[in-house]
Every structure is written in C-alpha cells, then in structure tokens.
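I am attaching a structure below and will ask some questions about it afterwards.
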C-alpha cells in the first residue's frame, strides 16, 4: 500500500460511478434506481473534492459539491413525488412495468 | 418561249383545291354528325368532284404549257413558304413539276376525278357519304403533294398523308372492327417502310451537309450528285436500299406487302384509286424520281429488281387461289407493282413509269368493275357465288373484259406495250451476275402468263361459267347507274389506247412516252460509267433507251410473240378450267392438295408475321418490359427502398421497448462510443 | 471589480421578471384556485414584460458578469427571446387544453416561468456551473409539467422515464464537469479555452474524456441518437402544450449552451469531436426519420421528427468553422424556424387532441381536418411542408443554411445524407396531409381551437412563411 | 412592374384573389380564373412581340433579394425559355376552361392551386439565379401534390407521395450540387453568388464536374422522366385529375429537359460531354421502351403517360445530339409534346368525365356516338405519332436528322420510335373508336359540348400551325441555340485537343526518359 | 492514511454493491448510507470539512431519511418488491459493460498527474466555502434556490392526494 494519491480517489470515484450506473441499468425497482443515481452523484462529489485538494487547489470544488448535494436533494424530492404519484395510479414500483408507451 | 411564271403560280391550286374540298366536306360531315340525316349528297358530290376536276383542269393546262416548252426547260416551280428552318435544315414548302411529275399528275387527277365521279354512285345512301368524300379529297391533296414535292421531306408529307388517308378509308366502315384493324395494319406496315425511308433520307442529307450545302431538294440533289460523284457513291447503296424498303412499304412489295390484300376492306373506289392506281405506285415514282441516286448504286438496283420480280411471281401465284374478287385484284396489283419495280430495278425507269400509267387505267377499271359487280350483287364478293353476270351487267362486263385483256398483255391494248417494254429491258439488262437478267426475264414471262390466267379466271367465274348467284342477290341484280358506268367506259377506253403512247420502235412506233420522260432520266443514262453488277465489271447501266440501241429489233419481236403466246395460253387455260370443264378446276385443286391450301392461305405469311413478330413483340413488351422490368425491377427497387426504410423503421421501433433500463443501456453504450472515438 | 453593480440589473431584468412573476403566481395560486384563468393572463403578461426587457437589451453590450457566470449578449438574447416566445405560445395554447383535461392550475404557469428562467440561465451561461444550474432548473420544472396530468397513466410514466434518464444523464454531465475542474481549475468558458490552449491539453485523454461526459449531458437534452430513447415516450405522454414547449424551447436552449460551449471552449479540440458529431448527426436524422415512417400516433411521429431535426442541427454543429459564423448562424436560424413550426404543430395537436384512451393523437383523428376546417388544415400543411423543407417555407431555408454550411466546410457526404433523409421524411409529413385532405372525416370530432390557439397558429404560419421569403437579418450573421 | 415579373406573378396575384373569394361562388371563381389566365397569356404575348432574335437574355430583371447570401431576383428569357413560358401561359387557360365541369368540389382550392402552379412554372423557366430557380422548382410540387391528392383517383395517396418523394430526392441532391458550385465559386471569386452567369464561369475539375453533373442530371432525369426513373409518371398520371395530368405532362416534364439545356449541360460542359453517350443510350431506351410498354397498357391514361416517356426520349436525344437543328427540334419537341400530350390528356378526361373509367376495354365504337370527339382525337393522335405536316413531325424530323448526324446508330434506333409510336396509338384508337358500340353504357354518350370544343380549338390550331409553319418559332430560338451548341462544341474540341495532348505526352514521355538515360 | 483510505474505499464500494444487489430497497437504502458515510470519511481525509459535515447531515441524514420514509410510506409487500428474474447473461453483460466503462475511466485517470500543493489554511472550512459561495458562486447559489423552490412546488403538486 503505497501513498494515496489523487489517482486513487479518482479510481474509487470511477468505480462507484459505474456501480451506480450498473444499478440504473440492472435494477427494476425504481427506488433502487433512484438510489443508484444518488450513488453516482456521490461519486462525482468525491471526484470534485479530490480534485479540489490535489489538483485545482481551490475550494470551488467544495462549493460545487454543495450544489450537487442540493440538487440531489431536489431530485430525490421530485423523483419520490413522481414515484408516489405513479404508485397511487399503478401500484407498482417496477421500471419494467412502465411500458404503456413503446415502439 | 412562253413565260412560265404565271403557270407556276397556278401550281398551288392543284393540291389546294382537293384540300379545300376535304375541309368543306369534313366540316359538313361533322356538322351533320349529330343529326338524323347526313348532308345533302348532291352538295357533297358537287364539292367532292369539283375539287379534283379543278385540279385536273389546271394540270391539263400546265401539261399543255409544258408541251410547248423546250425539253430541258420543262419545269414548273413554286415555293410557297419556308416550312422548316432550323440551322442547316432549311426546307421549303415548295412544289416542283417536271415531266415525270406531270405524268403522275395527269394520272392522279385524271383517274382520281373519274373515281370520284364513280363514287357518287357507289357510295349513294351511305351514312358517311360526306366523310368519304372528305377523305378522298384529302387523299388527292396528299397524293398531289407527294407527286409535286420539290424536296424529300415534303414528299414524305404526301407519302405519310396518303398513308393516313389509306388508313382512314380502309377503316371507313369502322363498325366492323376487322376493317379498322386492316387500316391500322396498313398504316403500321407503311410506317416500317417509312422508318427506312427516313433513314435513307438522312443519309442523303448527311452527304449534302458534309459537302457544305445541306439540302434535300430533288433538283439540287441531282445537281450535287452530278458534281460530287464520289461522296454520293459511297453511301448510295445504303441510301437506295433504305429508300427502297420505304417503297416496299408503300407499294406492297415483299416483305411488306401483307397490308394490301387486307386493305380491300375499304370501299371499292378506294381500292381502285388508292390501292391500285395511285398511292401504291408512289414507291415506283419515288425511285424513278431519285433515279440519279440509284444509278450510282447498281447493287441496290439489283436488289430492287430481284425483289420486284419475286413479288411479281409470288403474288401472282397467290392470286390463283383467291375466292374474293377484290383479293384477286389486290394480289394482282401487288404482282404488277413488282413488275414496275423490276423495271426500275433494271434501270428501265421510263418503262416502269409507263407500266404505272397503263396499270392505273386497267387496274382502276378492273376494280371499279368489280365494285360495280359487288354493288349489283348487294355486297357479294365471293366469285364462286357469281357467274353469268355478263347478261345482266353488259357495260361492266365489257369494260372489265377490255381491262382484263389489257392486263393480260394482249396487243394492242395498253398492257401489252408496257409489259413488253419491261420484259425487253430486263432481257437486255446488265444487272448483277450475267445470268440474272435472263432469270428475271423468265420470271417476268411466267408472271405474265399467270396474270393472264388468274385475271381471266376472275372474268370467267364472274361473268361466265356457272350461275352461282344466290336467290336474294339475283332479286336486286341490276346494272350500275351511269355515274358508275361512265367512268368505267372512260377507263376502259384508256386501257385500250394509252398503249399507243409507248409503241416501241421495233414495231414501228415512236415511243412518245419515252421521249417525254427523257429529260428526267436521260441525264444520267450511263453517263458516269458506274460499275454494274456484283463484280467489278464496269459497264453502262442499262436503261430502255440504251437497250434499244444495241438490242436487235428482230429479237425484240420474237420475244413479243413469246410473251403474247404465254399470255394467250394463260387465258385459254383459265377458259378450260372455269368455262369448258367446270369440274376440272375442282379436280385440279384436289390434285394439288396441300400446295393449294398453302397458296389459298397466302403461304401463311400473315400467320408467320403474327407468330414471329407481333406476338413475341407483344409478349416482350408486356411480360418482359412492363411486368418484369417496369413493375418488377424498377418499381421493385423504388418500392423496395421504401419498404426497406419501413422495415428498418419497424425493427428500430422494437428497440423502443418502453423499458427504462434499455434506454439507459443505450445511453451508456453511446457514452462508450463517444469515449472510444474521443480518447482512443 | 465589484461582483455586482447596479448596471447589471438591467441585464438580469428578464430573469427577475420571470422569477418574480413565478413567485407571485405561486403565492396567488396557493390562495386562489378559481382564478386560474386570470393567473394564465398574468403569466402571459409576465412573458410580455420579459420579452420586452429582452428586446430592450438587444443593443446593449453585455459582458461576463457575476464572476464570469453569465453573459447577456445577442446570442443569448436571441435564444432567450425565442424561448420566451415559445413559452408565451405555450401559455396561449395551454388554457383550453388544461381545462379540457381538468388540470388548470396556476402552478402550471409558475413552473413554466421557472423553466423559462432556467432557459435564460442556460442560454446566458458563460460558465459550466451556470449551464448545470440552468439545465437543472429547466429540467426539474419540466419533469413536473410532464407529469401534470396526475391521473393519466401515460403522463406518470413519461414523467418517471424522463426524470430517471435525465438524472442519469446529469450525473454524466457533472462527472465531466468535475474532471474539467480538476484539469483546468476553472469552469469558465473563456478560462477553459485559455487553460486548454496554454497547457496544450487538447489531446490529453482526460480532457477528451471530460468532453465525452459533457456531451452525454447535451446530446441527451437535444435528443441525439442513441440518447434519444426517452423522447418518443415523453413526448407522447406529456400534455401536448408541454410537448410543444419541450420540442421547441427546451431544445433551442440546450442547443444554445451546447453551441456556445463547443464553439468556444472546446473548439480547439474540434478535430477530435467533429467525427462524433457527424456520426451522431447521421444516426440521429436517419433513425428519427426511419422510425417516424412507421408511426401512426401524431405525437410520437412528431417526437421522432424532432429527433430527426436534432440530427439536421447537428449537421450545422459539425460544420462550425473558426473563420466564419455561417454554421453557427445556420444552427440559430434552424432553431428559430423549428421552434415556430413545432409550436404551431403542437398548437394544432393540442386543439384537436381529445381521446379518452389518452393515447394522444392518432393519425385517424386528423382525417378530413383540412376539409372541415380549411384554415387549420392550411396551417398544419404549412408546418408539415416546412418541416419537410419544401420551399417557399422557412423550413427550406433552415435546411438550406445548414446544408450550405456543411458543404462550405467540405462535409458534402454529410449534406447528401441529410438531403436524402429530408426526402425520406417527406413521406410521413405528407401522410399527415394525406389524412387531413384526402381522407373523409370520420365522425364530427370537435376541434377546440380557442382564440389563443388560433393566434398561435396564425403567428406561426406567418413566421414560417415570412422567414421563408426574406430571412435576411433575422439571425445575426445571416 | 416590368413585363416579365408581371407575367410571372400575375397568376399568383390571381390565386390570392381567388383564395379570398367566397367558397360557394363557383361560377365566379371559374370565370375569374379563366379571365386571369387569359390575361396572363395576353401579357405574355408582349414577350414574343418584344423579343429580339439574339442569343442574349432579354427582359432582364436583376434585383437583390437576399444580398448577404448572394441571392438575387434575377429573371430573364432567351430564345429557349421564351417558348416554354409561352407554353405555360398558353396551356393554363386551356386547362382552366377544361375543368369548368369536371371539378365540382373544392372548386376554389383547385383554381388556387392551378394559378399558384402557373407562377411557379413560369418562375422556374425565367429564373437565372439558381437559388430562385430551386425555390420555384420545388414550389411546383406543392400545388401539384394537392391537385393529385385531392381531386385524384383511388390510389392517389400512394401515388402522390411517390410522386413527391421521387422528384424530391433528385432535386435535393441538385441543391447540394448547387451549394457546392456556389462554394467553389466563392473560393474563386471571393463573393457569394447564386447567379447563373457567375456560376457558369466557375472552373471545376473534371471529377467535380462529373459528380455535380450527375447530381443535376439525376434531378432533371427524374423530372423528364428518363428511363429508368420514369415509373412515377404513369402512376401519377393515372391518379391525377385531368387538369393535373395536362399540366404535369404539358409543362412539368419540360422542367427536366429545360434543366438539362439551361443548367446541367452549360454549367458542367465537360462532364456533360462525357455523359452524352450515356444520356443518348437512356434516351433511346426510353423511346423504344416507352413505346413498347405503352402498347400493352389497358388504361388510356397510362398509355399516354408511357408515350410521354417515349416522346421525352426524343427530346433528350435531340439535346445531346448537340447540333443546332437537333436542339431546336428538342425545344420544339418540348412545346409540341406539351400541346399534343396535353390535348390527349384533355381528351381522355372528356370520356372519363362521362364514363368514369379509362380502361380501353370499356370503350369501342365511340366514333359512332361521338364523331366530333373522334375527329379531334384522331388529329391529336396523328400529331402525337409525328404525322407530317402536323407539329409532331417537325421536331421528330429535326431530332432524328440531328441524332443521325451525331451518331448514325442513334438516328437509326431512335427512328424505330416512329414505327412503334404508330403501333400503340393506332391500336388504342382502334379499340376505343372503331368497331361497333358493344358497351351499352357508351350508347348514350354526348359528343363534345361547345365549351369543350373551345378547349380543343386552340390546341388544334397550334398543332397545325407548328406543323406547317414553325419558322416563327425556330428563328427566335435559333441564336440562343446556336450559341449553346457552339459553346458545347468548343468545349468538345478543347477536350479532344487536351486528350490528344495527353495521349501524345504519354507517347513522348518514355522516349524522353530514354533520352535521359 | 493509506489504510484508512482503503478501508473507507472498501466500505464505500461494498455499500454500493450491496445497494445494487439487495432485493429489498430498505436494505439497499441502508447499504447506501454505509457508502455515503464512508465517502464522508474520505471527504474528511481530503480536508473538505464543510462537505464532510454536509455529507453526513444532509445526505446520509436528510436525503436518505426521505428515501427511507418514502419506502415505508409505500409499504411495499412481497409481490410489489418481487423483481422479475433476470437472466445471468444479462447480468454478466451489463456488469461487463459497466466494468469496461469503469476500466476506461480508470485508465484515463491514470494519466492525470496531481499537483503538489499546500492548501490554504482555511481550505475546506465552513467559512472559506461559505465566503466563496456567496461571492464567486452567488449566481448559482441564487439559482439553486429556485431549483429547490421548483422541487418543493413539484412535490406538492405531484404527491399530494388532492389538489
């Protein structure tokens, strides 16, 4: 275990990002998909913070990470609202059921 | 010398008078088309007959004037306006009359007028009376334009015009679809010839254009041909053969003769005027007109002669077995036209034209006589249902008989002189290999005998022999009105006497006709020493005039006697079969068996054309082109593109599964692609 | 230099008007549901005011303000005006539609205004941060509007799909931002150019990787293949006026930022990304057109058509050149024309959509429209011909500019593919006309065209024809 | 307003007026349209009157339209376009009059389409700015589309779309080619211009020319239509209403041939010259193929449509024969075809109006019941098959002479069209007009009404006039045609000289090398 | 330090993997919280004090609570939770694609050379970030408020039973 550099953080963020992407691609449960997106955003945040510390040297990354969190909150809110609305009408949270429109 | 300009100024009247008649009668016909009754027949007859008669009068006046002119100056000319003007193609609407055209004009207007008069009787009571005269007048216009045209395109106008009128008149009784089909057949077969004619014309045009003076004017062509001999000689054979194919179409020669027998579907005066006396001779006229080109193409001339001879004997043989009186005459016409081509083919232009003139008289008379018979028998045309009509239709019988003798070539009637001149010219000709003229002569002689046979077969079956007339027909049987008999008489008289215009020197004649046409044909009589025949032998092209100089008069007289004997034998044989031993004909027929059937069915030539050209052509057009290429391949590709696009659409829409993760998956794949492309 | 000065106020005025109007509407609609129509009128007035302030800025020279976050220049104003007009048109066609489906609420107008504000942020963005903020503000509002027919299953589904995929795409975009931030230390458009050029990062993999990530965000919004798949579903499920708004204004605003970013910050790497844009353009227009061929639902058909149009616009993006602005102008003009065509088309769709099965509008529903209502039919025909690019409509000019730019840039093959596509597209555009004019009307299906829809149609037709006759000077650079 | 613009836009103005008339006022709409189109014709006569037989463009109007794009409103006519414009203004009133009765529903819209179409057609013929030309060219499609679609037959939906897309594919490729030339011209001259004259002066490499020529040629070949791009035509005709067919065959097809002579060939002369054998081959195939396929048609209109393929083959052959008379013949051919085939479609329309069928087998013996009609039909047929001295002969003769001069085999093969033309037309004539009236429904058919006679009268007058005295036409077009031919010939000799030089070089080079060694 | 990093990293990845693989969303949510908290640890290691606090408070706290709350609210039963069975092929394929993407990203990141620097004393502090937020980032800050407003309105509009 050598020194932990910027690259390590970036590797981790990439891994987390694509785990999240995998969740979006693989899972059917809309809640899990939503959480996977959250994980992706967190991976992005990690990248921002790591860059801020080891590359840019400014705190801009921190601010942006804050904005991303705010956005994540907003998205979570709206996403859950849509989910609730959908659940009321359809009683399902499976993405695979959302196929009324196709072709 | 008389100033010819006022005379030339009269030229336009000749074609325009019938044109005016055609328009007037045509309008009358159209105006009355919706009504119960047609227009007044007298008025129509008046217009219809006055027009050709006026032309005839002008022609006669011009003829008189021309006779008074020096032989070389015998030309009337009148340019009406510029017809086509495009770059080097400058074609005037110009009329031009020389001795040859004048001869034709006399025949056309003269015989034409008589037939018009005859028609007033023949067509009496027909619903299409006015229409008929309109067409007939239009025909006169076209024929006169053909004859008087100064240049080939204008000649082509007449050429096509007569074809059109022929088409219209054959299909005159269009109610029977067969008549209309016959008209169409005539037109289309003619068009095949016209196709070749056009190309022949183009060849001549190219020659003149390359010489820097693009023209199709006949006199100019003639002048240029005289000067630029080499240039013309190079293409002369091709041009001549092509033009001759055109003539084959119009003049019903092998292989394009098939339309003429069918053309008998038209009213009989039409058969007389168009399909015997005038239009069908246009081919002969055209070749005579362009003699200076044919002079340069001995090979082509040989072809003309051979085809003419072949047609002559071939058609005559078919004439043997026909039952329909008009068909007999039709094949006879084909055969006689073959004779004329034989003549022009061996360079005996004057003889050919002379035969054309005499033929116009006796064949018109024969047709009109036949028409009179048909008229009398209420439309019956089968000779085996006639007989003994000489008792009922004296005038008709007599005139018919005179013409028959004339065509059979019995002296001193017209046919004898013209036919004999041809045979004599052929005998002396230098065409093709040395044996060819002799063969052609034999063929011509045989044809003469056959002609005598089948014509008299018709005479005997119709007017003599056994009375086979049906009961109803007999009831109405009558001699035709004077309007019909009068022209018969005039024509028969003509058939009897016009021969004297061409009495050969051998028997003390002066051959007036020949001298009259000399300026037209003489200029080139062997003048250039073109090679004759298939080989390289150089010698003068033979024309009748030349033949006279080195043929011996004695031999000529001997040949005359031979031909008269042959003709008489033909007549006697016919008498034997159809008058003296009525059963013999039938027995003879049975003996011949299959051959008779073959001949009776015209050697199945029509069927051959039908099977070999028409049906395969239609099948190719329909199955191969329309259904396979057009609807199948081209449309298939066009629609296939559309269908492919839609198929793609249909398959791509399947990707649109509605499942979110699929969508996300494609996004990720797209992202991978972007990364791959950008980072690589 | 102070961060904020008084003279900036006028540049931010449109934004203030939009957001202020939205706040007032939110408050108003919270206390009074019954006055929704009046709220609509008010929203319209706010739009007019915003438009007026945008127009008044036309001759004012903007500069990068607020720490270089935004710039209010003519380019931005052009798109801001376009979006505002589109939004105003949406309001005018919405009233009747919302009432018909019983969802007339003041919040709708407020969201529209907020979304418009997002667009303003987006088109004026001079920093990736603003792009991100603008995109999100615009998108979030639209997610809600898409799901505005709460009882409608299709609308639910559309909202959900749009939301999920939108969030997914934004994550990529943000990831790209983070890399750029790390590499360049700045997200300012100008700053990025300077950094990239001075540090010769044009070919560095990380930089290009970041471009790829950023691209995902943009091409998702402008619906390029294969990031297009949400479009048909969302366009079909959303309320028709909203669909029109999405197809027109959202696309225009996204392209505005896309264009500015790529024409400015990333232009030095054009050699690297141009092939991608070409491929995307070809794929986008071809797929859009081909699949549109087999659609029978008008809204879906228009959705695919809008994908195809994105492809044409991408042709213009591919043709961007340093020495002249013809390609950029062509993109702008295309979006201008497209906004009007699509607004008009959806105005008509909104006016006649009346299906109980909520499947939007099928082709059969348009049968005989041109005969029953000649004016409406004429308008739709004009839009269809314009979308197909037939002169003398503006659609032709739009295509013409784009293709001309491509040919100028040497992209002849791309232009040829594009014209073949536009020939192909004719098929389905004509089919609409076929149904409208050559088919007998079914039952007497009612048409709900109030004065608002008529006015929108009238203005759109006028714009599409007028722009087709003499478009000189409408777009800077043309 | 100058006279050429007046001729161009008067119909549009009339269309707008008609559009504003009340929909119910059928009579007023019809008569107004008739008067308007006759007025256009009358005004266009001033063009003939003022035309001077020189190769120059005349009645030139050159005003900026979109100056920043190099697009100008540049219109003018020369001897080539003069008569095509006249053809449009002549055919339109005839067409208007012909559909007084056949158009019963949506009368107003129909005449709006017709008049709008007239402006587009004239515009395309007079434009000397390629952009302007393109706009007019495409604008023609819209009214035509509606005319076929709204007033057409049963399969109209499929066929309208096919017609539209087919023609659009070609013209869009042409648009790209235009853009490319403009681009090249801008690189060379530094200014952006769509002007015909400017683009004509653009120098292009052989490869560029070839590609560009193909793009142009495709657009025009589809419009002509040349084999094998002809399949849209029969379908479009079959479904089109009579007036649509008349305009389509009478004028629209000439856009293609006109495009060749005005744009494709002069702009890319070297490529055009290289393409001559190809075009000639396709033209000849078209002549023979069109005629043969026409022969087997069961629908009169389809027959006439295929005959158009054949006739336009003649015109194309004349164009590529590249000698004065052939090109003049080609232009005359365009006009003659417009008149004769237009008349044929009108004639088919007459019986279609009465019987609502166009199948040949449904008719027979019509001469008996409709003699005047039959007469007119006969005259037009004869003109169509090129019977002298009717108009068809003149152009066929000139084209064949020219083709024969250019290449013997072209002339020979093309001349077979003369035979085939007679076959299919006369056979159709026979089946429709001769024989007995076998179909009961045909017994009560009414002959031509006075109005219909007035429709055909001008056409028949033209048929005779142009056949008997075509000089007024040819003298006016001759200078322009001569110039065209001379230019092309000059290019050809330049090319031959260069090819010769290249060949010589190829021979010389090795020896030079040998010398070096 | 390194050990700490690997620990947090392993926990974060584990949390993520568990989240995407556990069937019950509630378990998934808790896994995600594990991941988020681990990330917070990493933030702390990167001297991002402010973000660390927010991560724990807002993310792991508020947002995840919201999600868990919703899961409870929906009260999903077994049937509703049951996802249709997924084929192995699909699993492997999807995983492979994601792995390729991640691998690509890692390769790209391998080229990045960090800049050695000593951060400013207030780096990552609440005050420093706060200043920045209200000066340089004033504009986004204002816009994010609008975004949150939209979110609030949207949630009310969409999720309320009767409006």
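As written, the chain order gives the labels A, B, C, D and E, with residue 1 at the start of each chain.
One rule holds for everything that comes next: contacts are C-beta pairs under 8 Å (C-beta built on N, C-alpha and C of every residue); 3 or more make two chains touch, one makes a residue touch a chain.
The shown structure was predicted, so the numbers you read here are calculated from the model rather than taken from an experiment.
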Strictly by the touch rule at the top, which chains does chain C share as contacts with chain D?
B
Please identify each chain that touches chain A as well as chain B.
C, E
Highest C-beta pair count, chain pair:
A-E
Which one chain sits nearest the middle, judging by mean Cα positions?
D
Length of the line joining the C-alpha centres of chain C and chain E, rounded to whole Å:
31
When the C-alpha atoms of chain A and chain C are each averaged to a single point, how far apart are the two points in Å?
26
If you average the Cα atoms of chain B and of chain D to get two centres, how far apart are those centres in Å?
38
Would you mind pulling out the distance in Å between where the CA atoms of chain D average out and where those of chain E do?
70
Spell out, as numbers or ranges, the residues of chain B touching 2 or more other chains.
653, 656, 658, 660, 664-665, 668-669, 671, 675, 679
Among chain E residues, those touching two or more other chains are 94, 97-98, 101, 104-105, 108-109, 112, 136-137, 140, 144, 147, 150-151, 154, 157-158
Which positions in chain C touch two or more other chains at once?
129, 132-133, 136, 140, 143-144, 147, 150, 159-161, 164, 168, 182-183, 205, 209, 232-233, 294-295, 424, 427
For this entry, which pairs of chains touch?
A-B, A-C, A-E, B-C, B-D, B-E, C-D, C-E
Can you tell me which positions in chain E touch chain B when the two form their complex?
94, 97-98, 100-101, 104, 108
For a test of understanding, state which residues of chain A touch chain B in their complex under the given definition.
21, 24-28, 33, 95-96, 98-103
So, in the complex, the side of chain E touching chain A is made of residues 1-3, 5-6, 9, 12-13, 16-17, 19-20, 25, 28-29, 32, 35-36, 39, 42-43, 46-48, 50-51, 54-55, 58-59, 62-63, 66-67, 70-71, 73-74, 76, 80-81, 83-84, 86, 90-91, 94-95, 97-99, 101-102, 105-106, 109-110, 112, 114-115, 117, 119, 123-124, 128-129, 132-133, 136-137, 140-141, 144, 147-148, 150-152, 154-155, 157-159, 161
For a test of understanding, state which residues of chain D touch chain C in their complex under the given definition.
65-69, 106, 109, 134-135, 138-139, 141-142, 145-146, 149-150, 156-157, 160-161, 164-165, 168-169, 172-173, 175-176, 179-180, 182-183, 186
What part of chain C is in contact with chain B in the complex they form?
160-161, 164-165, 168-169, 172, 205, 208-209, 211-213, 215-216, 219-220, 225-227, 229-230, 232-233, 272-273, 275-276, 279, 287, 290-295, 424, 427
